[in-house]
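Each of the two complexes below includes chain A, the first together with chain B, the second together with chain C.
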Partner chain A sequence: MLAAPPPASSYGRRPLGERMIADLKAKLQRAFNPRSVAVVGDKKQSDYMWLNSLAHFQGKVYSVQIDPKEIPGIEALGVPNYKSLLDIPGPIDYALVSVPRPVAPRVLQDCIAKGVGAAAFFTSGFAETKTEDGLLLQASLTKMAQAADFALIGPNCMGPYVPGIGLRNNTDEAWGVSGPVAFISQSGGNLVNFSQAAAASGIHISKAVSYGNAIVLDSTDFLEYIVDDPDTQLIGAYIEGVKDGRRFFRLLRENAGKKPVIIWKGGQTPDGARATSSHTASLAESMAVWEALMKQCGVLRANDVDEMVDTVKALVMVKPGVGDRVGMVSMAGGSSVTITDTFGRAGLRVPELSADSYRKLGSFFNIIGGSYRNPLDAGQTFRSADLLVQMLETLRDDPQIDSVVLEMAARRGDRDPKLMEGLLPALQRFKEGTTKPFLMVVSPPQRVEHYERYAQLRDELTARGIAVYSTSQRAAATLRRVVDYYRFRQELQAG
Partner chain B sequence: MLAAPPPASSYGRRPLGERMIADLKAKLQRAFNPRSVAVVGDKKQSDYMWLNSLAHFQGKVYSVQIDPKEIPGIEALGVPNYKSLLDIPGPIDYALVSVPRPVAPRVLQDCIAKGVGAAAFFTSGFAETKTEDGLLLQASLTKMAQAADFALIGPNCMGPYVPGIGLRNNTDEAWGVSGPVAFISQSGGNLVNFSQAAAASGIHISKAVSYGNAIVLDSTDFLEYIVDDPDTQLIGAYIEGVKDGRRFFRLLRENAGKKPVIIWKGGQTPDGARATSSHTASLAESMAVWEALMKQCGVLRANDVDEMVDTVKALVMVKPGVGDRVGMVSMAGGSSVTITDTFGRAGLRVPELSADSYRKLGSFFNIIGGSYRNPLDAGQTFRSADLLVQMLETLRDDPQIDSVVLEMAARRGDRDPKLMEGLLPALQRFKEGTTKPFLMVVSPPQRVEHYERYAQLRDELTARGIAVYSTSQRAAATLRRVVDYYRFRQELQAG
Partner chain C sequence: MSAASVVQQARQERRTLLSEIEAKELLKEAQVASTAPVLARNPDEAAKLARQAGFPVVLKIDSPDITHKSDVGGVKLNLGDEAAVREGWASIMASVQKAAPTARVSGLTVQKQARPGVEVIIGMTKDAQFGPVLMFGLGGILVEVLKDVAFRIVPLTQRDAAQMVREIKGFPLLQGYRGSEPADVAYLEGLLLRLSEFVDKHPEIKEIDLNPIFAYKAGAVAVDARVVLEPPEG
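What follows is the complex of A and B.
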């Protein structure tokens, strides 16, 4: 419990004073690094989803459940159950509350009395329902938390996810791994989707949180904590509405050029904004204002989970670069035209190479049926890993070229597994040796029976630290986004 | 052989007179419906790719090969070999020529002398190489074919593909099936990619052709033939350059409002145009002019093979509609916001429903944790096929709604296979019964082990005639495109 005198503002009211912010960060420090967690109201009907999610949690887990029919099932999981939060011996750093909505205020009261660090309310049915009951209950929770300066997360949310310590909000999420990426998400579903898609791309999470209706703690509060988190190198966010826009953008401006921030704004269109109001009761905000402010702060933009993962992947795995000129190797003439058009529509160039490069290529490239312009059409000549790497190196060494992209069909691997075996380490060496951005495009096959081989190739390349994209469109859009970001940072540094 | 006097123009020179066009169409009729095919120059090194592609051809197949080392392998395939085209008994409707480029003129001479209906030259190394040799050889082939009014396809191409009669240009292509879609492609790779992707979506091909450098026959000539083909209901095309733009667009204007045409233009950007010049020696054309003309003729636009297949699928499988207002059912709150934004960015609306619809929904929809706005959030309530179909029917019957979209996660099927079993026929009945467009979004899973189940669900829905898209972005872009097309047609009919 805090001994400090009550501050002039409270979490739910804005703006927050400095002392309030320090207090808040201390509480979030407990919630994101808990030694003890209580789950209030888990039950058999939902397969004990919360307690099962915490199966690998590295601290103490307690259950609070008063229904005598539920208690044996909970105890069978090996989790001690109490009738009230107040009965639990020792402090509780974080509580997850999943009770029927009329009970929510009483549980909040207990959280406050117990001195819980922070509590996330999974319980929904509040302002997002637009019903009188829902609105009144939400107002009562808000008032109670504000009066006590209680760090309430949600309601209608899934709370923190810290894979490194096994603090999860879904049994599908990874645990026991940790990475450089924080994810702040107003939607629980989007948090789960992002964490799964990121893990599939070899990207792991430092800390994440789903915060729903944000009646007390909002994106701004989590951002305040996460910009200083030493485990976090870059920050993704899914946001439907921001309550203290001034402080939110001040934080982003202060952070500009430090940790990259990617924002996926929910409710960009009038209809989308109406959907957010049914989802987390967020109010509509002008997308034009958001766009202007994001640009000013060098914030990267994503529009869905794929774009978010694509961008994070490039920031983590691809060397920084500020130039538009792409050198490409493609496997088929027709697709080399399309890939060039795709990069062109994304605002990138696929220019002619220097005379020196053409000279080098001419010494080992068979022109008939292929081509040694840019993109280099390797369709006919892809018979050795060495040759392919020589082509990539020629692009890398060309002063007319800023980034290198290799487009490859997964099916090649079926035809010549031995070639692939040599190629993978060669590509990894190339990637590690180059100071220019290097991306690959490997598209999924049409036939289901080829999918596993494709996924294996993609995962092997990923495991070797190479950023693989499933379409040239996604690769181009991502490269455009990160080049713009690094250019922003360069201009910022140049003053 | 033609008895008519030589026309004033020839295929390679423009414009073509009416008699020339009739003559040309007669020759293409032979090439697309051949009773006899000769393959000139197939060999072991390429696994007899041409003869193997013709393994299921329903007419006569002959080989022409003079290399004594190659002949036994060819005869082992059961194909009779001759030293010259002229030695083959009986007429040859179509010849595929795959010989070293210096030999090409001599083989063309034989084709002319033999009275072959049309010949496709797979042989490459001509103007696309920008070498003197290549340019000279191309000029000589062109002159020879023009002088004889010979229907030369290519060079640097794969020729016709007619799956129904087993006339293929690749062993990966389907055979023994036939559908309503023609595909005219300057690139052989794009033809193969399209035919495979389309087949995976349950879309089959009537007739297709890859025509490469187009030194004699061009897209216009194939279009002229295919607009009148009774087996073809819609036409896709991949085009890098058009030699007789006036006639090409006149054909498209005459066809406007009849068979839908989708054009994927290669070389849209300056760099892309440079790539086409290395690929099929096509000259750059202004994309602005193309866009204006396509719009004038109601031509749909695609930018890659995915967009081409997506659009064809909607034209074949989705009922026509001219309105922007989409009614949606989605499985998770977070994704319902994103899907709404995605459709909004594509220029579509996801509006509020009529009061009557909300009344109907209120009678069976549990609002807590879900939502009965639009999109309908079925995440919590998706427990029966009936309920889901009732939601879809409510949208269908709503006068505020023009199209219905269902977004579904493949993983649901894992959780409750019995539910899916009932759902599939229910969705098919819904699709068949509605007069409004109905599309589904089913996204691939993150984990490889779930992929097969996803592909199965997608394929089962496809087999039931439902258009399934792998992302909401692709569904939205496609719906936008076809709504614009049907609106064009409506306005044309209204005069």
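What follows is the complex of A and C.
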């Protein structure tokens, strides 16, 4: 079905024995928890990008640079510089190599001689150029690393990102905060995009890595390490192709039911596949096989960074649920039909409520201008935070309802600021006291002058632990995805 | 013939494509119930075998070089008596001679025509990243056009087999649609699981194509089978 099989790697297609896996994990342990880092080849031209990325790193930082023109600038940053890795006193757990392509093999040799735990090669110009030179050079690096069983990350990558200890691969990335999600990415750009989008939703990263051309270590190897990481509760990955598909499949089968894995598959269409710079040609037909893998292993699927963040948010902030019946409260009559259709298209149901619920609602609902069928049209009845919470509680307590969704417009806050003040803590209490999934939809406004109010509301709700989605489509698609995952998990535990 | 000897025979003849008879013999190990074609080397033999099998019969070209028999006019269905068999023989030989003049022809196979059932397809191909993959779908010529198929990576669990069968759009046909007989879904699931185990044990098999399988209320029968071996190692 696909093109020629990808090249082998020492941690790759050869079946990994127990000893090799233990060795791999030990090396990655050093790479993701380094006490000492060496940056090889940083330059003024890039604004000492790597050394500056490590400005807040908790351990020791060393520079290796032989160009006498660069050394003063490096030392001015307060980083000790050496002419060779081998001159650095003490062990080096992790090295970031950013040297010109022809020098890469020599530096790799030094990494091996020094006993560096793992090294990421930012250096590019290898197989991704599809030139003979690039391919030959990549082959020689691969051979050298394999012969020494060296944990080479990349080349053409950004390496590990562990915000909690200030191990960054870019000066825009957050540091000093950490969270529950790991991210393994074939693309450095997508890693940065994901970390920024997730942070905007208050979600932070435990450990991440951009692994580029994957000549030695591939996504499967990082997964092998990350599934056992106690700081990681869920795993996201951006992948174009895998080298050891059998091991990848087996690993996910054994683990995705315990720790959720979300895969964002790159190169799903023929043009998309052409755009991938990966070592395997990911053709459109193989998407059917990727889909099979995801179904068989209980892997969640994301098609872009938004879906990835939406899904992570739901797994972290929304209580688990296996039912597809949604009880909704929506702000205005017009959107009730639309929102019902939207959830229906996502494969969820917006059913009738129980007679008991209707009785409860009837007693306080203002019928003129508002309906109290599901979805509840709360436009006019929304006079107090208490009333709104009563509506939500009625839905929650209805045995015919599995999840509760509240759609709100930020503008309401402008008209009634005191109402919002009371509402936010009330919503937080509701969410915390509820075992059923609860999501909110707050859509960005049409007009620029209302944007700040919207962002404020969204961020305040997020800070209170409520998952907020910018459209009902995204909320619906996300809910469907996580319900399917929890069902898979339930079947696994039962069977 | 055991599975091993079938493979050995093909290897000796430097072939990777097995004949229908060989393919069905091989798949016996996976307990794939199939119609049993018997080779006739001439029209007289064909007529005798047809009488033995019971009419109506099906005649099919037997050649290690022909993969898609229908495409070369190599299949004649519904032959109700000896005269039809002799006519069918002549017709097939003429078609094949024209469409595939260099093909090595051992003769024609004769088998009793299977009672119609719901046509499904089960196949195996090897994905370069993930290894052996099983495919299930609506069969016959429909599969080429509609592509109503589901895939699962080997090894399959019971859940995988159950899900992949129910995943196809045409599943209602398997449940019995508009008065037609339903298919033995449990049997098909079992078949998928047995093939998964079989494929795992036989890495020398590159491709399997069971199309069509006629699924009945009880059981199912592979009417045609195609197996391709991996090229010999080294």
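Everything below uses one rule, namely that the second predicted complex is superposed on the first by the 474 of 495 C-alpha atoms of A that agree within 3 Å, B and C clash if a C-alpha of one lies under 4 Å from a C-alpha of the other, contacts with A are read in each partner's own complex, and residues count from 1 in each chain.
By definition in this document, contacts are C-beta pairs under 8 Å (C-beta built on N, C-alpha and C of every residue); 3 or more make two chains touch, one makes a residue touch a chain.
Everything numeric in this text was worked out from a predicted model, so none of it was measured.
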Touched partner set for A:Ser286, first chain B, second chain C, both or neither: second
Partner chain in contact with A:Gly245 - chain B first, chain C second, else both or neither: second
Which of chain B and chain C A:Lys295 touches, first, second, both or neither: second
Partner chain(s) touched by A:Glu452 [first = chain B, second = chain C, both, neither]: first
First, second, both or neither for A:Pro80, with chain B first and chain C second: neither
Interface residues of chain A shared between complexes with chain B and chain C: 280
In the complex with chain C, residue positions of chain A that touch it: 1-6, 241-243, 245-246, 248-249, 280, 286, 288-289, 291-293, 295-296, 491, 495
Chain A contact footprint on chain C (complex, rising order): 125-131, 133, 150-153, 157, 159-160, 163-164
Partner chain A, residues of chain B touching it in the complex: 101, 124-125, 128-129, 131, 185-190, 193, 196-197, 199-200, 238, 240, 264, 266-272, 274-276, 278-280, 303-306, 332-338, 340-345, 349-352, 367-369, 371, 373-375, 377, 379, 444, 446-448, 451-452, 455, 459, 471-473
